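Each of the two complexes below includes chain A, the first together with chain B, the second together with chain C.
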Partner chain A sequence: MRDLEFFRNVSIGQYVDSGSPVHRMTPATKYLWLVALSAPAVASLGYAGALLPLLSALCAAVAAGVRPSFLLRGLKPILPLFLVVAVMQFIFGWPGDRSAVLFRLGPFSATAREAHIVLMAVARTVSLVVIVGLFTSTTTEGEAAHGIEDFLAPLARLGFPAHAFALAATTALRFIPIVAGELESIVKAQAARGADFGSGKGGVVAKARAYLPLFVPVMIRALERAEALAEAMEARCYTGRGRTRFVVYELQRGEWVARLAAVFLCVAIFVLDSAVSAPLAALLGVFA
Partner chain B sequence: MASSSPVRKIVVAGALGAVSIALVLLNLGFITWFAGASITVLHVPVIIGAVLEGPVVGMAVGAIFGLTALVKAATAPQGPIDLFFVNPLISVLPRILLGLVAWAFFRVFMGRMRGLAATVAGVAGSVTHSILVLGALVLFGAIPLAVAASVFVANGIIEAVVAGVLTLAVVAAWKGIESRTGKARLADEG
Partner chain C sequence: MPLIELKDASYRYEGAQRSAVDNVSLSIQAGEYLAVVGPNGSGKSSLLRLLNGLLSPQTGSVRVGGLEASDPRNAHAVRSALTLVFQSPADQIVSTVVEEDVAFGPENLGLSRPEIARRVAAALEATGLTEERCIPPHFLSAGQQQRLAVAGAIAMEPRAIAFDEATSMLDPGGRDSVLALIDSLAGRGMAIIHVTHDMSEAARAGRIVAMVAGKIAFDGSPAEFWGGRTDFGAAACAIASLGLPSAVSAARSLGVEAGAADSAEGLAALVSSRLRGGGLVPSGAASAANEVGHAAAHGTRPVSEGDPAFSLEAVSYTYLRGTTNQRAAVEAVSFAVPRGAVVALVGKTGSGKSTILQLMDSIAFPTKGRVICLGEDTTAKGVDLRRLRTSAPLSVQRPESALFEPYAGDDVAFGPRNLGLQGGGLVSRVREAMELAGLPFGDFRDRRTRALSGGEKRRLALAGVFALAPEALLLDEPSSALDPAAKRAVLDIVIGLARKGMTVVMATHSMEEAARADFVGVVSRGRLTAFGPPEEIFYAAFDPAWGIGRPFACELALALRKAGHVVDGLPLDLDSLALGLRA
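Presenting the complex of A and B:
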């Protein structure tokens, strides 16, 4: 029954309150940094573009009073698992792979292209883990949900429902404890009737059927609550237009500098990446 | 089934998003199979959102689900493949598209047989989800093509069937659709 205490374990991210200037910035600025660093980490061609965001994020973490070891901590138990990824690439070849063979073992061979794929995957993943970790350790859930409207404000002018999406996100956050509580009581009620989630015997179909009495009531209860909330909001003539907000984020000093710096850094990493990675890849014959 | 007020759409997106987040964070969205393999039903709230309230709600729930998976992958990963979900092109984009595709399938089959349409949306949405996520994983070098194909055959098909059943069950209960066993019981309560 230890696993049934859902309520206590619901938390997203890992907020660290150090009260640094970075923490005090508006969520929109933090979102901008998140996107500016994630974009090269995701879409870069080479190692420079994948690893420079990591370096920048670690520097930003120091400025935010978040220890880099705290951000890297989550990676430690996972590092051996990258081996699994490498072994999978080693065992299964890519169709049409003509790059240099690094070494052979029986019928399997490791090629330069496979090595490149694994290293890039590791570099991108480590970077993103640290970047997202930095964002969640400097931004509370509430800030993240409210701030998304400010961040998407430029898109709202083009007709994107930024306010609606932010409201949906805040609604979701408010509903989490309720849904978690309902899941808990339903699982307990089913367990009391002898239901077995997880470790039971029987085929996958039997288990899926056992899942129905958990899934359906939770969904229906959530929809009922949504219905009630929507009715309450409509009764109060909520339209979403011209809303004032309870929480207003004030621009800190130097915030525009931080925003421009994020854009500049993003562009610089992409430029550097394309300048460095193409000759390097040609040298390795990775794309040959 | 569409044409509800904007406020209702927003709130339903939030409520289904909350179910999604709770299932992700509490690790409840998995049905274990043999040998540690498990199939996921985490994407079903996205499909249900798309079926009940249209493509925008589906995509919003998909975005909330994807972002939660991303944050979880970065802060509390559970396995080697989990880790790759920190990449928004793997964790977020396929889930947003899932909302759109599930709604499109529902729309095509929505006529007199809403039950059938909901099932089709569940199955097709689930297949889309598997293809997009596995495709993105291959693209970013997390798993080789051969592994992705075998996972799709082994898991994707059963996931699709389960998603179809769950979507039908929830939509039928919520909308009071006549089913084989008579009217769904929960329909009278709402």
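Presenting the complex of A and C:
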């Protein structure tokens, strides 16, 4: 542990302000698009379902004035992950895998089914990273916070605590840099006292004990700060009930069209996916 | 009818030995400007929480605008009539956009949108944050963040605002801006209750309430509090520990009577007229015993010959390197610290002082340039970082937040244990360190860490660093956010070590503290804009653009010279000023 800088590793999406019609849409609509594109990217059967959301997101990015290359750059840090997935698939086999063997290396072999799984994982991840990147680059932090509440508003009518949920989510997000900052300061304080984390000798218990000087103070500080925030909110008359909203998002022209389009696109991708994927898989003999 | 009225109110925390607020009666009129002072743990914060119903008294009553504060049905009315501004700016921000944070309170009151918009605009206007209204609060300076908290309070359209040590975490510039804001609110007829450890701040109020051990020990005018009265009885010691406003201690050491709130200019005019009228003969024998009245840390200033303890050579450091948020924290900084010297780093919050200290402790490494710590290049291959870090350890800001052992002695032992000490050697090392930090080993080794007072925790954290038997100390704001007595205790420990030859580099926002160092480094936007003896920094080289202020004695000496008087030398403390003042 040489470099003790933590913030570099805490990256939240960056807002790119271009003032496009996509940016001007209400956050609830953006959340709807986020869900509508993420769902098939995660839950589709085949490549069509995993990659069509990516294509749609890239088209939307162009419309929003966000450079696709900017979104794709977000993939850089997770590239090693793809390699790990590929290696794991190569080393471990699937029980009952009778698909074609592509090549062998010593006792290990790569089969068509394994290749399919790796490619699907890559396709899904790339889609998700780009979709979430598009969302955060067109939605400010404040909009993201209020948007959750608006998006969940239909559920609120059924008694779901949409406002409390939104507040908890934003507060949690706001606390990430705060806790990271406390952790950084405490790591530095203990390092100055000769602490050496991570290279602890001995068993699991001894190693876990080596981290006590970090976790105990960080937990205490996080709780203290949470308490201070709760008190400040209470002093400002927060009860969670009877609130009004200062920020209300006006529906833009075509907003409902955009929302319907999101739902339609989501359904269409799923339908197309199941229509195309099953025969394709059978053709490849992947699940044979 | 008074705006706020406490009658025989008491509050005791669960499991506490004594009441935090003990049978207190107090009434505050609309438009009054009141300062509440007292040592740590005297019940000031609990008193504020009783006032707006965050705590309910177990006996007695609290009324705000005629309404019982502890009745939950009155919560909205009471909390919007009396709003609170807390100590830590970041811990009271709720929203991710400035104007939305201001709107948080009015939203909770269930007001209509146009009404909220009107209040938000007015509150931002009053606090000078209109231009910042659309940006995220974490882009604001600490002083601006605290003004944002005030804006949030103003938006409730209260009749009184209470400040709970709201300036204690700010740099001099931020503090001045918040104090000016408080004054302007008071001027507009808002009642102000200002809890503070700084007597010069308290002196701005029209009425002082001193709390000692949960009771009100004094309630009256500043002139009475710092003037003639000395009959504080059992509370005398605690009240004396609070110290005096700069202007009062200066007036006393020069032998004149002065109103507590006098500025250096006002006091100079008074001294001047007394000198001219023959009512004051400069004696040069004044005996001021106060926080500024000490000589510099050393009789003679260590000279930079031989091998320096630290040397920075054109050091730059970039924060968040390689991300789109990267920011130069330190740029081309060069200076050397002679062995045995005390160096104070001063400058605004965020100017780079902490980063410089971390670079010197090899916790951060220069992006460009070289840092030599105790003769070794911190980036050299094969350098033993643990040894280097522990020979010149850094005590971070609020070091007590890194305490983790349940018992005090064990926490101090953490460092020497990491260095391999055991048995008798370890015990004697811990004993020595605790005694050095003013925590007698016998009394404190088995005390529960969490039960120590704020000042004791700070000293315990310092003992944990002393236990490493270091060659040099790096201290990041060692006395910040403590009460006056604890501040003095910590500073005396540091100066004591320096007298024994320890090299000390510390960051501070207090110019009286900086004046006691051998060298002062002024840091501004990551650059070292000036470095030299305090006499040079605060006189010939001084530039108001640094945003750091000067020691009061220095301001006073300059004001006296401006009025045509002769002041010998370059006084940085009141004793030398009194000695140097001629006709």
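To be clear about the criterion, the second predicted complex is superposed on the first by the 237 of 288 C-alpha atoms of A that agree within 3 Å, B and C clash if a C-alpha of one lies under 4 Å from a C-alpha of the other, contacts with A are read in each partner's own complex, and residues count from 1 in each chain.
As a convention for this text, contacts are C-beta pairs under 8 Å (C-beta built on N, C-alpha and C of every residue); 3 or more make two chains touch, one makes a residue touch a chain.
Computed from a predicted structure; not experimentally measured.
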| item | value |
| --- | --- |
| Contacts of A:Ile178 with chain B and chain C, given as first, second, both or neither | both |
| Residue contacts with chain A in the superposition, chain B compared against chain C | B |
| Touched partner set for A:Ile117, first chain B, second chain C, both or neither | first |
| Which of chain B and chain C A:Gly142 touches, first, second, both or neither | second |
| Partner chain(s) touched by A:Leu229 [first = chain B, second = chain C, both, neither] | both |
| Touching partner for A:Lys188 - first (chain B), second (chain C), both, neither | second |
| Contacts of A:Ser38 with chain B and chain C, given as first, second, both or neither | first |
| Touching partner for A:Gly242 - first (chain B), second (chain C), both, neither | second |
| First, second, both or neither for A:Pro279, with chain B first and chain C second | neither |
| On chain A, positions contacted by chain B and by chain C | 11, 14, 170-171, 174, 178, 212, 216-217, 220, 225, 229, 233-234, 238-239 |
| Chain B residues within the chain A interface of the complex | 5-23, 25-26, 28, 31-33, 39, 41, 44-45, 48, 52, 56, 60, 63-64, 68, 70-77, 79-80, 83-84, 86-89, 140-147, 158, 161-162, 165-166, 169-170, 173-174, 186, 189-190 |
| Sites on chain A touched by chain B in the complex | 6, 9-14, 38, 42, 74, 78, 81-82, 84-85, 88-89, 91-95, 117-118, 120-121, 124-125, 128-129, 132-133, 136, 161, 164-165, 167-176, 178-180, 183, 187, 197-199, 204, 207-208, 211-212, 214-220, 222-227, 229-230, 233-234, 238-240 |
| Contact set on chain A toward chain C in their complex | 2-5, 7-8, 11, 14, 140-142, 145, 170-171, 174, 177-178, 182, 185-186, 188-196, 212-213, 216-217, 220-221, 225, 228-229, 231-239, 242-248 |
| Residues of chain C defined as touching chain A within the complex | 52, 54, 75-76, 79-80, 83-84, 86, 88, 90-92, 94-97, 99-100, 103-113, 116-117, 120, 136, 138, 149, 152-153, 156, 319-324, 358, 361, 363-365, 385-386, 389-390, 393-399, 401-404, 414-415, 418-419, 461, 464-465, 468, 474 |
